[in-house]
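Before I ask anything, let me first share the structure, which is written out below as structure tokens.
By letter and in written order, the chains are A, B and C; residue numbering begins at 1 in each of them.
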Amino acid sequence: MAFAAFATAEALPQAPKRRSRIALFLLLPGILYLVLFFLTPLVSLVLTSLQAPSEFGDIGQYDYAFNWQNYVAVVEAYLPHILRSFGYALVATVLALLFSYPLAYFIGVKARRWPLLQSLMLVLVIAPFFISFLLRTLAWKQILSDESFIITSLKALSLMAPDGHFTGTPFAVIFGLTYNFIPFMTLPLYSTLERLDTRYLEAGSDLYANAFTVFRKITIPLSMPGIVAGTLLTFIPAAGDYINASRDFLGGPDTQMMGNVIEANFLVLQNYPAAAALSIILMAVILVFVGVYVKRSGTEDLL
Amino acid sequence: MVVREFAERGADLELVGIQKRFPGFTAIESLDLTIPAGSFFALLGPSGCGKTTTLRLVAGLEEPTQGRILIGGKDVTATKSHQRPVNTVFQSYALFPHMTVLENVAFGLKRRRIGDPLGKAHEALRLVELDHLAQRRPQQLSGGQQQRVALARAIVNRPALLLLDEPLGALDLKLRRQMQLELKSIQEEVGLTFLHVTHDQEEAMTMADTVAVMNKGAIEQMGAPEVLYELPRTTFVANFLGQSNLFTGAVVATTGAAITVEAGGSRIVVPTARAQRHQGEVTVGVRPEKVVLHLEEPTATPDRNLLGPGRIIDVSFSGVSTQYIIETPGLGTVLVFAQNVGMGPAAAVGDEVWVSWDVEHGFGLDDDPAEAGRFPADASTRSIAVQQREALVTELEEN
Amino acid sequence: MEFPVTARPLPEDPMIRSLIASARRAQLNRRALLAGAGAGASALALAACSTGSGEARPSAAADKSSSDKTLNWANWAAYIDEDDAGNYPTLVAFTEETGISVNYEVAVDDNNTYYGKVKDQLALGQDIGADTVCLTDWMVSRWIRLGYTQELDHDNIPNLSNLTPSLREPDFDPGRAHSIPWQGGFAGIAWNKEAIPGGLESVSDLWDSSLKGRVGVLSEMRDTMGCIMLDNGVDISGDWGDEEYSASIEILREQVESGQVRNIKGNSYLEDLKSEDTLAAIVWSGDITVLNAEAGDKWEFAIPSAGGTLWNDNFLVPIGSPRKTNAETLINYYYEPEVAAEVAAWVNFITPVVGAKEAAIAIDPELAENQLIFPNEQTLSTAHIFRSLSGAEEQKYQAEFQSILLGA
């Protein structure tokens, strides 16, 4: 058949580009920056995490050592907090995704015909950023305090136990995390969905896929870069967050996350090795998680 | 109501009183169209004429404002796209970038839960000779390959009706010719009904059994390509489908067999059967390749129309033929395509020539010449090019 | 949650002491090299993050006060008299009187946070940007212990004779060689008068089941534990140990785990009182006076029947400050009874200056009668100072306290 005639016209891999000294030279400031502001603190953190208490030292005095038991000790002491951090962050990320996706889809796809509405909604998504994160969280704490209108109404409607609380509960912390990080989910989702070529959706519908299947088999996979970016931008800071879970904000003694433990160890207990070891554990778990996640989500082609 | 079986054969497509309005404009005024089962039907027209909208209405991607759509006698107007026994080869191909070629082709089969989807997908890929690239991603393929994958993805479903939306537009000329032949042979092989939307008149004529020329949301003329070409009924068709020499004048004599039109002092005879209007001001015409160039004044005969003398103002050689533009006093320019039967052009710019054609080759149009100026801006790119060239030549001569 | 406790007892013999110290230094170098991974970056890291070991004490900076008539004072928010224009009238007067211009900075919002910010510079004997800082007793105790303060020249502070006698010999700074009180306060109990019309008397009243989930305590270990220990019959100024501490912390643990105590906070506890998430709590006296003035006369403060804690924030001069004499001049100024009264009338905390009460009568006689600002002997006898803790004790008791705050 005639097809054979043009079957050879395949995409060829690009020839490797010639290395340029100038390019390397231009990279230098970036590398220096990374060494100075990323590598240095990292090395410092690792060294601190291995310190041992000074033999005759006072509180907060440690010496460089190879005291790897610090890691065992913090895991033993704070395993519930470690699990809680990732648990809360996961739930908050899933909730943020569930709230954000329809919103981002509406702004990015459905509202394309009305650019004014699109911009207005984007502004509304970003608007909370204009007010300090702390103030917003404190405002929620007030809005949902025991004697607030919302809580007393819920109690009056028997939707909440008469002696129930909102602040200081895991629910409050997850609520805070979800609320505070939702824009970080919505914006990457929006930027992917905004570029979503609806012709693919029409093609799917043309190929006998109903609306749900089109969404599942085409829209979701094509918006995967946004989902991955959004979930990472939400999950990573949420796992390390210490504001929402803090007792001063939405948390209570039984909702403390790793960030709070690190803060207490660093500031109050002056136990710098424990704080450093926890930070490294947090970082390592997140790195592993991100690695596996990016690999499993199969977005290499789309990223 | 997903169609779970392959169509046994192509189905009729019937559009009844279709109207489609978008906010701010009407894409289709009123459209009635019947495409018989098993035919290769081409909708031909310039961009913005409503042909793609028509196709999208049939595919279920748009809803008509009014009218009904029937496929195989069944009213599908209210059904969703995925419920219609129709598949589309999109202009952009719309191959899913996150799936392999094989997954793309098997997509529709899986949705309909047809047995052995991968086996059938491989079969379809073999048909378009791309089975060896089944595991590639679409973006790793060339344009021609992507086009064939899009075709395989559509025909593997054996739809009652296959819609082709300018699928060859992105290909280069040689590839396009090959694909045209290929599409035609596949259509004959699988026996489906093809509805092909294109703005390329050659493509439409090569491939289709029936061509409908669309303009401004309505069908101007419909028929077999050769009928449309030999006997255009409107100025738009005469100019959009190939090129034409058109002359407007009053009917000065009528016999049972022919009418005589006087235009710019010359008399042009057109057989009554080939003229749409027989009195008053009419436009008549002849295709440029039917016109013969004479370097000396020939003897007038009743079976040939003779115009001249005129002067050649442009000659352009295009291999198989040579195109002459002749300025004829009172009649404007006349275009002549002469086969290169000899060696090189037979005449040069500035030569005084006469042109003649067989009376039987002329045609009379249906348009009211008072509105004749209606379409020039819409004419095909080729006629626009000719017009521009004429304008340029005139300008040069004046200087 | 058990952590290796920092300090081990120091051998008595100075020779053995120095031998061990030098042996440890050698060891440190080897370990540091091993861990340092030879990266150039690690050198920077080491410099940036020296948590310091016990023996190298920084030395005091040379005093340039005679030529440099400026002073940087780091203090807590709302802790000095302030007029509507945002000026500090007593400071303005000080500058007029002495020619020393003062840069008053609200730089301390928490003892620990402030310490975390400046400790590395202190360990190196550098100027931390403040020539005097007001910090709480226990934190001052740590600074003195670590040699982060300069010794004050009492000849420059003749008004020190006005210091309340009971504050002259704290266990962490006998004779006040390094620190001088600025303001003080009580930690006691407070309640919402509308919700609890009957009032509260003791810390144990906070554990009443009718208040479940609406009780707050302070995240400041000494105030919360001090009140509970007093309630438990412990003399917190006296010679108590692990046993007494453990018994009391178990009470707190039980109340937190059962949900009786929901809020454990620092300064932000006031928000909970306002929003009524907290109806009764262990609080600081001065705050309740301010809160009542701000948000309606809704709360009442009391020193618990078993006693409350008394704390002071103290001036100290950081080791790296080159303006010690200027700082001493400032301290001396604030120990004039009239000046102290002016400040006390504004900040609502206890002034340590004898004679300030008499001076306050001239400003506002009613104010002078306020036991929370000018406590009499009887009131003072119910308030106790939490004894100083050694580094090891500090770490151990804080760890236990934090384990409750952090939950499981």
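In this section, contacts are C-beta pairs under 8 Å (C-beta built on N, C-alpha and C of every residue); 3 or more make two chains touch, one makes a residue touch a chain.
Source: prediction; values computed, not measured.
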By mean Cα position, the chain sitting nearest the middle: A
Farthest chain (mean CA position) relative to subunit A: B
Approximate Å spacing (C-alpha centroids) for the pair subunit A, subunit B: 56
Between subunit A and subunit C, centroid-to-centroid distance (C-alpha), Å: 37
Whole-Å gap between the CA centroids of subunit B and subunit C: 91
Where subunit B touches two or more other chains at once, by residue number: none
Multi-partner residues of subunit C (each touching 2 or more other chains): none
Subunit B to subunit A touching residues, read off their complex: 2-3, 59-61, 80-83, 86-88, 90, 92, 94-98, 107-108, 111-112, 128-130, 132-133, 137, 139-142, 144-145, 148, 153, 157, 175, 178, 181-182
Footprint of subunit B on subunit A - complex, ascending: 1-7, 9-11, 197, 199-200, 202-210, 213-214, 217-218, 221-222, 224, 301-302
Parts of subunit A lying in touch with subunit C, wherever the complex brings them together: 35-36, 39-41, 43-44, 47-48, 50-66, 73, 77-78, 80-81, 138, 141-142, 145-148, 163, 165, 167-168, 247-248, 252-256, 260-261, 264-272, 274
Touching residues (chain side subunit C, partner subunit A) in the complex: 1-8, 10, 17, 20-21, 24, 28, 31-32, 34-37, 39, 41-42, 44-46, 48-49, 51-55, 110, 112-113, 115-116, 119, 142, 145-146, 212-214, 219, 256-257, 261-266, 268, 271-272, 275-277, 391-392, 394-395, 398-399, 402, 404-408
